[in-house]
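Starting off with a structure, shown below.
By written order: A, B, C, D, E and F. Residues from 1 in each chain.
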C-alpha cells in the first residue's frame, strides 16, 4: 500500500476511538514535535462511532469493528490507536494487512521499560486499573509493573488544568508506595500535564500517544529498507 | 543540551563498541532511511578501545568504561550502543546525564514484542545464547521469549553473503521448533540480511540497530515537548 | 434476575458464537450428563450473527457485541460462551449484570490444572495457537502451559470421525515433546473424541464445554446461599 | 468404580481433616444447595485422627496418610479434602485410583480467578499466610495473587458470629491495600459469613468447600461421557 | 543446642528417608571430603520406616512424620534430608526447633543456579519428573529450569556402573535439547557418577547430598556468630 | 589448580571491591567462624583501584576489569566478590578459569530462600534498591522477593553502632509492610549488626559475606571428589 515512488507523502493515521473533541485536539497538539517538514503526514481523527469516554470493557469492545473497518478502508501507511485500552489491537493488525498498527498503551509501556525498573500507570478510574492489570499480564510484563492508581475522571476531563494536582498525587503514590520509578500516563488526553508531573515527582513521565506515533514514524521510515 | 534555536542540528551518536570497520560500515548503511533532510544528524563511530568482536562477558565488560567516557565527553543529543550485549547500558545512562541512551538488544526485543507473541534471537555463538538468556531475564521478558539459536560466527562475519543461509536456518528453527513468531537479529552487522530472512521464513524480522536509532530519533524529537 | 420462588426452573444458556449447526449439535450432545431431572435447564443456541468458524482475531471480536446484546436481553440465570477463544468474556460479564458467565477456554484450562502439572491444548490452527498463547498469558497461567499444537481444521470439521487420528497425534506430541500431562480440547465441537483420545494417550483429556457448563451448574445452585 | 446401572446412587465424600465438630457441621450446612433430589449423595465426615485445628505444616502433614487410607478404603465416587491447606492432595489422588479428589484451596482459588483480576485470601493466622504463599507458588498462580491477611483465629472459632467483623476487616485490607478484587475464604468453616462479607466489601467472596464440592459434582456427572 | 564449649563436637545428621543400604552407603562415601579433622561430625543414617525407593508422592509423604520424629528426638546440630523429593522439609524445620534442616533437592538446585543460566535434572522416573516440576514451581525457580529427563530406575539402581551411560544420555538431552547448561543429579545415590558425567558432557554436574551437607556445615560453623 | 598433595593449603581470596578499610576489616572479622584449623586459608583484601563506596552502577562497572585481572593473576583456589552489587561476577568467572567465584548478593539471597518464603533486602540507598530489583530479576527470583528498603548510608557507615536502629527499622518495614519473612543484609559491612537485628525482628537475618565464603569453603572441599 505505501507507494514511495508516487508524489503522495507517507501518512500516519492516529485514531482516537472515543468521540471527544477535547481529547482529539489534545492528542493532535501533543504530536507537533513529530511532524517533520518532509516526514510522514500525521493526521488525528476521532471515531464517530465511539462513545464520549471509554470506561468499561464494553466501551472498548464496541469500537473494535468500526476501528477495523476504518483501517481497512484507509490508505494510510501506518495507524495508531489512541486509547489506553488498546482496543482491538490484534484485529486492527489483521485489518491493516501488513501496515504497522501501534497501540498507545503498548508503546507507552515499552518506552517506560527503558526509563526505569518498574513502571506505574496513572489510570482514569478503578475500572481502568483492573483492565490495565489484565493488559499488562497479557503483554507478559508483570515483573516490571508497579501498579496503577486511578484519578477517577472521564477521558475528556484529563485535558484541563483542574486535574493536574490529582495526576501528580497519583504519580507520587505510584513512586512512593508502589515502588514505580517511571510513570506512564494512562489516557490519551493527558499530554499537557506530562512535563509538570515529571518536574513534580522527579522521575520520567511517558505520554503514550507521542510514543506510539514516534514508533509509527520509525516503522514508516524503515519500511522500504532491504 | 539539545538547542533547537541554535544553528547546530540535533545529533544522534551511534557507537559500535567493537572496532570492526566492516560492522561499523554495515550499521551506517542500515540507518540510511532514518536520515531525514532536516532531522537529527546520525553519526556512527567505532570504539577504538573495543575488541574485534565481543564474544565473551569479559569482552562486553571491557568496553563499559570507555563507552561511558565517550558519552560523557560527547555533546550528542542521544546515544545508541550498537552491540547486542547492550554493554554498560545503565552506566552509559548515568554518564549521559539525562540524554537518552538506547541499547540495540533492548529496542530490537521491544519492537519484536509488537510483531508477534514470542520472539526468538539469531545469536552469534553458544556463548551469546547464555548471555541473552540472562539479559532477557533481567528485562523481565521471559514469558515472551522463545529462545536463541547460534550461527557460530564472529561479528564481522555476519555482514557477508556467506552467512545468509545459516541465518535463515537459525531463524527457521526458532520458528518451527521453539515457537517464535518474530525474529530479532542478535548482532549489529546483520542488517543486509534482514529482508532476505523475512522473505524466507514468512515472519517479521527485526534489525536491532534500526530500531534503537528510530527510538533515539523519537526521543530527540520529543525532548522539547512541555 | 434468578427468581427461585417462581415456577420457572433455573436456566443456563450456552451460546455457540459461530453459526455452525454441526458444532451446536455436538455441544448439545456433550452436555447430556449435566442435565438433571430437577436441575437447571441447559439450552444450547448458536449466534445467528456469528461466522461459520472463528479462525481469526477479527472473527472473535466480531461476535462480542452481538453476544453481549443476547446476554443482556435473555433472562437466563447463567451463560456459557462456547467458543475456545472466550470471545468477549469480560464484556459479557458486564452485560450479564451479576449473573455468572463462563468461558469454555477458561474452564477447560482451570479443570486441567487439577489433573496434571502442565496442560497442552489441541488447537484448530496455527493462528489459534498464537491466540491461545496470548490468552494463557492474560490468565497468568504460563507456568503451567506446555503449549498448543494445531490440527489445521475448521470448527465444523472437528466433529466427524475423519479428524480423530490427527487429534490423537497432536495430543501425543503435546505429551511426548512438549511435556504436557493433561490435554485440553481447544474447540467446542471435539467432545465426541474425548474418551478415544484419553484412551490412546493414557492421560486426562478435558472437554471444555462440559467443564464450563458444570461450573455454571455449580454457580447456579450456589447463588441463593446466604 | 461409579456404577450408574446399579441402585446405589453416586456419592461424594467430603473429609474434614481436623476433628472439630463445629467445623464439620458448618461445612455440611454450606453444601445444602448442592444436594439435588436425584444427584449424588454428599456426605461430610471428620477425620478422627485429625487435630482440633490445622495450624502448622506438621498438623497438615500429619493427616496425609490417614486421609489416603480413608480414601483408598472408601467406595465413594469422588472426594473433597475440606481443609484450606489441601493436605496430601497428590497422595490422595494416587490413593483414589482415578476417582476425582478435589482440594478446597485449589477450587476456591480457581473459582476466584473467574471473578476478578487478583484474588486475596482471608487466612486464619500468620503461619497460614506463609503456607498459602508457598501453595500459590506451587500452583503457578502468583501473577493473580494479591496476598493473604490473617485474622489470628483457630479453625473452630471461624464459625461463630464473633469473628465476622475481623473477617470483613481482613477482606477490606486485601481489597484496598493489596489490590485484590475477589476474596477467597481461607478456612473450611467460614461459609456462614460469606454473604455478609460480600455485602460489606462489594466484591465477590468465594467459599471454598462449596466450590470444591460443586467441582466434584460436575466431575461425577461427567464421568460416564464417552 | 550447639555447645562449642563442651567436649561434644558439633554433629550433622544426614537422614536417607529410604531404607536402601546401597544408597545410604553411597551417600556416606560422597561426603568424605566434607569431614574435617576438627569439623562437625557427619553421620549418615537410613530411616528404618522408609520404603526401599521413594517413587510416588505417597512414598514421599509416608516418611514425613517418622522423619519429623527422628529430628525432634535427635540432639544433632543440623540435619540433611537426603532424598531428592525433599520430603517434609517444612515440617522437619518445625520439628528442628531452630536448628538448620537442609534438603538435597533444594541445595542441589541452588548450587546449580550459580553454575549456569538454566539447570536440568536427571530424574529417576517419569513420576519424579512431574514431582520435580511441582517442586521447582513451589521454589519459584521456573525461570531457571530447563527441565527433567528420566532414566527409569529405582533409587538403589543408581549406584552401580550399569546406569552410567543412561545418566550421561539424560544429561546430554537436557543440555542439547532442553537448553540446560548445568545439571543436577536427581537422586541421593548418584554421587559415584558425578565426575564421569561432567567429563562426558563438558558442563558442571551437581551432586545434591554434597551440596546440602556443605550448606549444613556452613550453617553449623556460623551459628555462634554474634 | 588446588594441589592437595603439596604443602600449600587451599586458599579462598575474598575481595572487597571498594577501598574502605573499615569495611574490609568488618568482613574479615565476620569470617572468623569459617576459619578452621586445617581448613582452607581465608584472606580478605581490598581492591586498591576501587572507590570508597560503590553507590552507582558506574562505581560497580568500574571495578570489573581490575577485579578480573586480580583473579586471573592470583593462585587462590576460590574467590568471593564482597560487594552486594556482585560486580562483574560472570567476567570474574571467566577470569577464574574453572575455579569457583562466589558473589555475596547471590549467596546471601540463595541462603535466604531456605529460611523463609519471601526475602527482603536492607539496602544502602534508593539507588541500590533499583539495582537490586534488576539483579533479582536477572537471577529469576522475583517470585520470592518482597522488596528492598534503603537506610541511606555509605558503605563505610554501615559498620558503626550509629546505624543499627535504622537497619532494624528497615528490616521491620520489610517484614511488616512488604511481607518478607527473611532478611538479607545488602552490604558487605553489616555483619556486626546481624544478630541484633535478628533478635529485634524475630526472623532470620542473613549476612551475605559469611554465606558466600561458606559456599566457597564447600566448593573448595568438594573439588577433588571423583
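In this text, a residue touches a chain if its C-beta (ideal position, glycine included) is under 8 Å from a C-beta of that chain, and two chains touch if they have at least 3 such contacts.
For each chain, UniProt lists the protein as follows: A, B, C, D, E, F = Aspartate/glutamate racemase family protein.
This structure is a prediction, so every number in the text was calculated from the model and none was measured.
Looking at chain B and chain D, the chains in contact with each of them are A, C, E, F.
Here the CA centre of chain A is 43 Å from the CA centre of chain D. The geometric centre of chain A is 25 Å away from that of chain B, both derived from CA atoms. Between chain B and chain F, the centres computed from C-alpha atoms are 33 Å apart.
Residue positions of chain F touching 2 or more other chains: 134, 137, 139-140, 142-143. Chain pairs that touch one another: A-B, A-C, A-D, A-F, B-C, B-E, B-F, C-D, C-E, D-E, D-F, E-F. Considering their complex, residues 130, 133-134, 137, 142, 147 of chain F touch chain A. If you check the complex, the residues on chain A that touch chain C are 56-58, 61-62, 64-65, 68, 88, 90-91, 94-95, 131, 134, 137-140, 142.
Interface residues of chain B facing chain A in the complex, by the touch rule stated above, are 30, 32-34, 36-39, 102, 106-107, 110-111, 113-114, 139-141, 143-144, 191-192, 194-195, 207, 210-211, 214-215, 217-219, 221-222, 224-226.
By the touch criterion stated above, chain D contacts chain A in their complex at residues 116-118, 143, 179, 181.
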